[in-house]
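Next, two complexes with chain A in common: one pairs it with chain B, the other with chain C.
This part shows the complex of A and B:
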């Protein structure tokens, strides 16, 4: 019986809940006496030059082995942007010169025998700066905003100006979204051992292959000399997708000391160890006919990027042309250099930020026209992808609208703002559309089968905590034809066949495709061996006539003529096979592959205090076929919780005078807590997609896209007040 | 850093006298945060958790004496019926882990303007029992205890022994606004306590000035205006809210603006008074 599509429990769940799972900061366990600890000293100013570093006291402190500054750090080779895999990477080669570009940039690293000694010595390092005036926020530098025809070319479809001129109604609004940080539970941990010609790196990363290639390039090694391991991850949300300085400075420390060195960033350092979701300003113009049919969509975004990085990180409006069938669309983006870390993706850098404004503007348009917001979206359903002009590979959006709305009770909504009440609270219902590009990465898998009938599937990708181990086990077990208990998954080691990054909602699709190919290849291989093996009851059968069920191979039509994998393997030693998934090229595509969703939410607002509570949330998603409804549901819950934070509580605040982050800790950066999270319901609208292997579109990002704008729209419906500046804190509603 | 473990109250006082720079630690939910963030590095920690009598409470002559080491969790469970205002405030503190460790004594020791215990202690006329080896016991009314941002009236050699407070003589309420629904420091908070015998309403305001404070004018206004034998006129409740708000001197910070705080204080004050008054009238009507 097939196990794909069944809600089996996480295969590594027991290890995690019993504490037996070893996360990177727990590793290595075996070799404690050689291990020493590194602590980074981070810049206290956001812009300037280091004029002196007084390290005498620190060097003299107990247990100190090494102190690295730009004076004695190993020289690093620059990494050409195009050489590095992944969506973002650290181009600032840390500890190479005296320049400071953002507050929190590492300026020294102390290595000592214990973490306590290293922490203490780090506090003794005295750094003097020649401070310069930083650009603290996007607004400050907005006059110098620049565009990037190469990385963020404008999109133009039809004639927007005419579309706006022809419109009966035009909505022209500007929205701002704040910088945010990812804040996985697990901070960044790295342990590096550097021997004569080999480097072994344990690191919490979403892309072991990118860390390997990045370190190899910067330190002048061949990739084969670098082994990167990341078995269990405590989340990342994109923050660990970038190749960032903690692993670079730990490698430096290991090389200089000849010891195995561990560096674990503090929560405070997580505000600069990797970049942020960039602060943005988004102007949206929608033109529509009286009946709500769109005649124009224009979106002009400005986003922050770092002062030291010339390749703008990403294009917020890239997906704006996709959700609605509109003949005239234009999106542009400009960038402002700010003295902050380089922005990196955060759980959908494009749709998760750029559609907040579009989905709010759609709600404003609905209110203006007096059309139901859901009906407005239905009327603008895109029969093909407006951006590429291609037909959809599959599209369940209308069914998401319908099932989500029914489950939520949307038809009961009184369209009038401030019309629904629950005692002292104003009640608001809002909705939004979600879309996310469905892609995958080149990925190889190896499946091995032993004489005990047990199998292993290996991929050099990693499990972010989302359930990759589990779905990979399910797919490989089905492909080989063994019970799921007989299959074990291995991930997170560059010695395994090469996999991609755990980002971009690509992991499930990539890993499932490769695991399936490898499992099927091994099944075919063993069948060929069996039919050629005179000792087998299958001897002489045609390979096409051999079926496999629960680890038992038999001839079609005669179940008694067969034997188990274990029996074949005992005579024919260990067998393995590989599978290589190659994603369809984006160039020359004949279909547009996207996942779809619809969010419906209820908020209750205290009209006198402006406090908002999300009290109900329904999210319908079409992401092709769901491999495991249990892990999928938990992805959706996490995504909605993150959307609640985006809408109501989360923002990284910067002091305008000195460009330093003023709420760098969980005491000041508020993620939602249990009491902020209502019942969340996930509905999966399933579709077979002939253009996507296994019909797996990926869930990681569609899970959160749509949630924040739905909440914004619900708050408007509750209060009649439109907040266009995220997050909606109570003072903005008074 | 030295770690001093006092096993008896006498030892604790002696240790504090011998080393006034030693920082007492009870639940540690403030002390350890400050040490971890390197806000301060005290020469010594004085661990009070082994001192058994600090974790006890008793009642004598109609006054509760609550040891400085009684946790929020126990306060809610064991004294919630007699000190409803303090119990309500305690329920909003942090998470269950924090409530299992954190104490009112620690809240007083830290004397943060945002500490949630302070408004109900002020509204309920609590008195803090401080003690030193050299000078013995000193009774400090809550209203005189808070001197500045995170500064209290303790002398360097003094420790907090207990809080004295009368069981509620009438309805009490506490309300706070936070930027999320739990695990949050108050943007502002208000406590009211009705003292029907004295025809008086006690107040406490948190997170809206350098120290927690009583809204004296608001209290005087109610003492003059309230008719304890009838309903609460809406204009009186509203005026009370304005006066509570006027007593504060809030600032803009990452948690909220001064203007928002002023507004919210008025709302919270009006609401808590209305709830308390409604309870009081209901009880009075039942008795009649």
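This part shows the complex of A and C:
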């Protein structure tokens, strides 16, 4: 019986509830004797030069083995942008010169025998700076905003000026979204052992192959000399997807000391170790006829980028042309250099940020026209992808609208703002559309089968916690035709067949496709062996006539003529086969592949205090076929929770004088806690998609896209007040 | 989102610091503000490094029913002692600042953020970590409920969530979903498994999944 599509429990779940799952900072267990600890000293100014580093006290402190600064650090080579995600080139040439570009940049690394000694010695390093005036925020530098035709070329469809001129109603609004941080519960951890033959790196990363290639390039090694392992990850959300300094400095420390070195960034350092979602300003203009049909969409964004790195991180308006059928669309983006770390992806860097303004503006348009917000979206449903002009590979958006609305009770909504109450609370209902590009990466899998009938599937991918271990197991078990208990998954090691990065909602699609190909190849291989094996009841049968069920191979039409995998394997050697998934090329595509969703949310606002609580949330998603409804549901719930934080509580605050982050901890950067989160319902609208292997479109990002704008719109409905500056903290409602 | 030990009322790291000022200086300097330590030299507080080097002391801790002898420095937190000295890495460090609950363990049955207490303070206490919950192969009911309700994704906060849940049920705070939400709010889950965590706690407490 097929296990794909069934809600089986996480295969690694037992390890997690017993504390036995080993995350990077939990390793090594066996020869911990050799392990020493590194602690980074981070810049206290945001711009300037280091004039002196007094390390005498630190060096004299107990247990100190090494102290690395730009004076004695190994020289690094720049890593080209195509090798890594996020900051590349000279930006990660850490500890190479005296320049400081952002507060929190590493300026020294102390290595000592114990964590306590390293931490203490780090506190004794005295650094003096010749400070320069930093650009602290986007607004400060906005007059110098620049275009990037290479990375963020404007998109132009039709004639927007004309579309606006022809419109009966024009909405022209500006929204701002703050810098936000990923904050996986596991901070960035790295352990490196550097010997003459091999560099072994245990690291919390969403892409082991990128860390291998990046370290090899920057230290002038061959990729084969570097092995990167990341078995259990304590979340990532994009923050462990990019190339970042902790792995680089840990490798330096291991090379200089000859010891196995571990560096675990502190929570505070996480505000400047793995990048952030960039602060943005988004001006949106919507033109529409009286009946709500859009005549123009124009979006002009400005986003922050770091002061020392020209490659703009993301074109946040890149997906703006996609959700609605409109003949005239234009998006532009400019960038401002700010003394901050280079921004990196955070759970949908494009749609999750750029559609906040579009979806809020749609709500404003609906209010202006007196049209129901859901109806307005239906009227603007795009029959094909407006951006590429291509037909959809599949599109369940209308069904998401319908099923989500029904489940939520949307038709009951009184359109009048401030019209719904629950005692003293103002009640608001809001909704938004979600879209997310569906893609995958080249991925290889290996499936092996032993004489005990047990099999293993191996892919050099990663499991962020989203369920990769589990879905690999399910798909490979099905493809081979064995019970799921007989299949084991291995991932997170560059010694395994190469997988892609765990980001961009690509993992499930990539891993499932490769695991299926490998499982099917192995099944075919064993069948060929069996039919040629005189000792087998299958001997002489046509391979096409051999079926497999629950590890039992038999001839079509005669279940009694067959035997188990284990029996065949006992007479033969261990068997294995590989499968290689190659994603359909983007160039010359004949269809547009997207996942779709609709968020419906209810908020209750205290009119005296301005506090907003989300009290229920329904999210309908069409992401093709769902491999495991149980892990998928958890992923969607988690995405909605992150959207609640994005809308209501999360903002990285910077002090304007010194450009230092002022709320660098969970005490000041508020991620949602249990009491902030209501019942959340996930509805899966399933679709077969002939253009996507396994019909798997990916969930990681669509899970969170749409949630924040739905909440913004619900707050307007509750209060009559339109907040256009995220997050909606109580002060903005009073 | 403060500490999950709100019901605790036991000694905090700060109180201990008051009693032992010399060790205290080391802990504050080392543990809380490594970044500030590197601040502009002119404004940095004077550090009396002579007083900071505290010699390791031999202590014994009762962890999961076993007496364990180990050598720790007076400034070593219970969390680091468990993880780095005793190899009990099931207890996690999420912030080292008492703000996330990932490090929650039971000290004499009360939930405590182990990053906020020093190992030397717990010599007479009975400490339970995630590794001490199951009896052999048989999971504790809270562990089983977390598995069955899929109350986690990455699992990094899970040890702390489970330890908190065990104590919370004992405290009698699992009476309703609302109560569980409130009393579990010292344990952050960035994967956002909260609704499933509430269901798991209710199930383990015998209150039904919802």
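Just so we're on the same page, the second predicted complex is superposed on the first by the 726 of 734 C-alpha atoms of A that agree within 3 Å, B and C clash if a C-alpha of one lies under 4 Å from a C-alpha of the other, contacts with A are read in each partner's own complex, and residues count from 1 in each chain.
Following the convention adopted for this analysis, a contact is a pair of C-beta atoms (placed from the backbone, for glycine too) under 8 Å apart; a residue touches a chain by one contact, two chains touch by 3 or more.
Since the model is a prediction, treat every value here as computed from it, not as a measurement.
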Inset, instruction - Please indicate which partner A:19 is in contact with in the superposed arrangement: first for chain B, second for chain C, both, or neither. - result: second
Inset, instruction - For A:456, select first, second, both or neither according to whether it touches chain B, chain C, the two together, or no partner. - result: neither
Inset, instruction - State whether A:653 touches chain B only (first), chain C only (second), both chains, or neither. - result: first
Inset, instruction - Give one of first, second, both or neither to describe whether A:398 is in contact with chain B, with chain C, with both, or with none. - result: neither
Legend entry - chain B versus chain C as contact partner of A:566, first or second or both or neither: neither
Inset, instruction - Look at A:674 in the shared chain and tell me whether it touches chain B only, chain C only, both, or neither; answer first, second, both or neither. - result: both
Legend entry - Superposition-derived comparison: chain B or chain C, residues of chain A touched: C
Inset, instruction - State whether A:123 touches chain B only (first), chain C only (second), both chains, or neither. - result: both
Legend entry - First, second, both or neither for A:45, with chain B first and chain C second: second
Inset, instruction - State which residues of chain A lie in both footprints, the one left by chain B and the one left by chain C. - result: 123, 665, 667, 670, 672-676
Inset, instruction - Could you please specify the touching residues of chain C with respect to chain A in the complex? - result: 1-2, 26, 29-31, 33-41, 44, 47, 49, 52-53, 73, 75-76, 80, 83-84, 87-97, 99-100, 102, 129-131, 133-134, 139, 143-144, 146-148, 150, 152-159, 162, 180-182, 184-198
Legend entry - chain C partner contacts - residues on chain A that touch it in the complex: 9-10, 12-23, 25-26, 29, 32, 39-45, 54, 57, 61-62, 104, 107-108, 114-116, 119-120, 122-129, 182-187, 232-235, 237, 264, 266-269, 464-467, 630-631, 633-635, 637-642, 665-667, 670-680
Legend entry - Contacting residues of chain B [partner chain A, same complex]: 33, 37-38, 95, 177, 179-185, 187, 254, 256-257, 259-260, 263-264, 267-268
Inset, instruction - Spell out the residues on chain A that touch chain B in their complex, using ranges where they run on. - result: 123, 608-611, 613, 648-649, 653, 662-663, 665, 667-668, 670, 672-676, 729-731, 734
